[in-house]
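Quick one: structure below, then a few questions.
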Amino acid sequence: MNEALTLLSFGPNGWGDEIAHGVLITVSLAITSLPFGLFLGFIIAVAKNSSEPSLKMAANIYTTIFRGLPELLTLFMVYYGLQIAIREGIRLLGYDVQIDINSFVAGVVALSFVFSSYASEAFLSAFRGIPQGQYEGGYALGLSHTKTMRLIIVPQLIRLALPALGNLWLVLLKDTALVSVVGLEDILREVGVAARNTKEPFLFFGLACVLYLILAMISSAGLSKIEGWSKRGETSR
Amino acid sequence: MRILRLAAAAAVVLAGVGAAQADDWSKVRIGTEGAYPPFNSLTSDGQLVGFDIDIANALCEEMKVECEFVTQDWDGMIPALQAGKFDAVIASMSITEERKQKVDFTNKYYNTPPAIGVPKDSKLAGVTKEDLSGILLGAQSSTTHSNYAEAHFPDAELKLYPTADEYKLDLENGRIDAVIEDVVVLSDWLATENGACCKVLSTLKSDPVINGEGAGIAIRKGEDELKEMFNKAIVAIRENGKYEEINAKYFDFDVYGD
Amino acid sequence: MIAANPATGTPRPPAPPKPWTNARIAGHVLMALWAIAGLYLVYYLIGNLEKPILEFLLPYLPIDWQEYANERLALQTFDSYLERYGQKYIDGLIVTLQIVGLSLLFGAALSIPIAAARSSKWKIFSWPAYGFVYFFRGTPLIAQTFLIYYGFGSFRPELQSIGLWWFFRDAFYCVVFAFTLNTAAYQAEILRGAVQNVARGQWEGAAALGLSKPVTFFKIILPQALIVALRPYGNEIILMIKGSAIAAIVTVFDMFAETKRAYSRTYDFQAYIWAAVLYLMIVETLRRIWDKLEARLTRHLKR
């Protein structure tokens, strides 16, 4: 038991500081991907909700692809492919710039793709939960379409979509572990290094699971706070 | 609109990450793995050490350029070189025909044969195709050794691992019966406390088609200037004793081969 | 064509042209982009088929075309990507399907006692079940797989003494074991949710008819619950197929491992494109079958 504590301690003999750094990377990857995923997901939901069939179809193709591909494959394609694609694209424009898509950026891009395609479904069902009368009310007040969306629809949308988005956040947090496979020094990567060096794989991979559980617990607590806040306008009966 | 602008700004920032300078070669970025002792490995405080690293530093000194090391997982080494993450790979990469179709190589800077490692209590008698038939054979993926195993031991069940550390763990706990790896890398590991479980069964005869002519420095196709700089530097450190000095630090024989 | 006025037979006036709204422009532009991407993909992959197509057509071509075709064929000194690696993908696909199939099957069996324990009144049953479900749903599948593969690998003497080493020695079994536990946790929640979703009145009605509890459960509650659970079960299968790519990281040669191996030999991006096409085909086919199945099983609920 003492031995295990030494291994987990901070400092030169323990792996505590490396793993703490890994936690930081995991959390920052998830937090960085979130706004991109939410934004993309919202745009796609708007497209899917539109009455224009071509727009709907374009959005559906996007979600079919990114919900159908294994996350690991999406990540590998982004990691190996995007860099070359961008470079070729820029070269077509007549420049020769080298762009470095490191594993963190690749992770953000891939996770945003995946997150957004699921989030678009959450937003879409939230859109459907808002009665037509809300739009009509907005127009009757003389508000433009954009203003109606911004002032009346989106605030309600967020409240309706929150529970589903909360679940997606938890999925996102878990999906970050995949990025360790392309070299990001996140929790899983750091414990892997520690496990191989100390020959204590059970201890360290177990620790990784516990750390992910703790992150999930903190998230759940935070999410229920946010949900409570979003429902503050509802009368309690 | 604000969100849009924010996204655009973020995209610009992301795209700007590491935009490289023009090829004047005052600074060369070198890709290496950091998980292949004694050639290249990371210390627990994140320092790169090993034969490859010392050679790279000596070459850079000889070429009078500033060198910056970038660690990269082995699987992605060539794609990353092609994509411009770094300008040269000094990571014990064997010069093979297959790889030459994608990248250029300098002349070799060392050459050592592959070998088969087994647990000390192994009952394997030899390393012929028949001896190894039906066994579980571990190797690092995307290496010449895995290709060697596929070509020469088709009846062994091959297991591919992302880094050398993982197959070491599995050889030790008996998940696999043998591993195929560079003899120097194997010996280095076996000499440590961690490698006490196992031994080198036998070295293998290099297959020139698969193992190539030794380890070279990989460079993007067409960058002949850099290639020539490295080639000249390799010759120079061979002549001025620097190579010998580094060789002696790690090995008691000449890894350059003949 | 239906006439607008059946009495006079005057044809309906043509519909006014649709205005080019912003949404319509955006939609068409995006669809055009997808179409270009799709066509490029086909063009990119069709290179593989040039040789077999030309060889097939050669005898039927006019003489001067034959010359050109022969020139093209002479250029193709290497076997195409598909000829070299096609069979590998099929082999990998079979392994992937085996892993997914076995895990789902064992997971389904395991999920029943877990769901039962989870809804039990006794804490001695419900707490461990809750812990199990929470652990496997709260941690990444890849971490669980590593924990089982590398973690159990370090307990060789203990496992040998209880005669289980043969099982944990094999990467394929380890992966199936890890995936089984993972999917059992998810399936248990699906099952529990679906059973709870069945109205209490159904239990009461059955009790009033004098049916025993087990008969009520299997003949009345479960069939209704399974219909509710159909969609989440479908999603779970798809998640499992996608998750199975993780097996590649612990030396199992599933489809993703074969993809990685082919890529490391050729550095040809096709490797990943073919894998993407195959995974998408599997997932889409399954989704469609599932939609059909659901439509059929719930047809009595339609009004």
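Letters are used for the chains, namely A, B and C, taken in the order the chains are written, and counting of residues starts over at 1 for each.
Here is the rule we go by: contacts are C-beta pairs under 8 Å (C-beta built on N, C-alpha and C of every residue); 3 or more make two chains touch, one makes a residue touch a chain.
Just so we're clear, the structure is a prediction, and the values are computed from it rather than from any experiment.
A.B. asks: What topology does the chain contact graph adopt: line, ring, star, complete, or other?
C.D. replies: Drawn as a graph, the chains make a fully connected set, so complete.
A.B. asks: When contacts are scored as defined above, which chain pair ends up with more C-beta pairs, A-B or A-C?
C.D. replies: Comparing A-B with A-C, the pair joined by more C-beta contacts is A-C.
A.B. asks: Let me spell it out: compute each chain's centre from its C-alpha atoms, then which one is farthest from subunit A's centre?
C.D. replies: Result for max centroid distance from subunit A is chain B.
A.B. asks: Centroid of subunit A to centroid of subunit B, CA atoms only: how many Å?
C.D. replies: Each chain reduced to its C-alpha mean, subunit A and subunit B end up 34 Å apart.
A.B. asks: What is the distance in Å between the mean C-alpha positions of subunit A and subunit C?
C.D. replies: Each chain reduced to its C-alpha mean, subunit A and subunit C end up 21 Å apart.
A.B. asks: Of all residues in subunit C, which are in touch with two or more distinct other chains?
C.D. replies: Residues 150, 153-154, 249, 260.
A.B. asks: By the touch rule stated above, which residues of subunit A touch at least two different other chains?
C.D. replies: 80, 84, 181, 199, 201
A.B. asks: So which bits of subunit B are touching at least two other chains?
C.D. replies: Within subunit B, the residues that touch at least two other chains are 79, 82, 162, 166, 169.
A.B. asks: For the complex, give me every residue of subunit B touching subunit C.
C.D. replies: 75, 78-79, 82, 98, 102, 138, 141-142, 147, 159-162, 166, 169-170, 173-175
A.B. asks: Applying the document's contact rule, which stretches of subunit C touch subunit A when the two form their complex?
C.D. replies: 21, 23-24, 26-28, 30-31, 33-34, 134-135, 138-144, 146-147, 150-155, 238, 241-246, 248-249, 256, 259-260, 263, 269, 272, 275-276, 279-280, 283-284, 287
A.B. asks: What part of subunit A is in contact with subunit C in the complex they form?
C.D. replies: On the subunit A side, the touching residues are 47, 50-59, 61, 64-65, 67-73, 76-77, 80-81, 84, 170, 174-178, 180-181, 188, 192, 195, 199-202, 205-206, 208-209, 212-213, 216-217.
A.B. asks: Where on subunit C is subunit B touching in the complex?
C.D. replies: Per the stated touch rule, the residues are 150, 153-154, 156, 165, 169, 171, 249, 251, 257, 260-261, 264-265, 267.
A.B. asks: Sort out for me which residues of subunit B touch subunit A in the complex.
C.D. replies: 3, 7, 10, 14-15, 17-20, 44-45, 71-73, 76, 79, 82-85, 162, 165-166, 168-169, 172, 194
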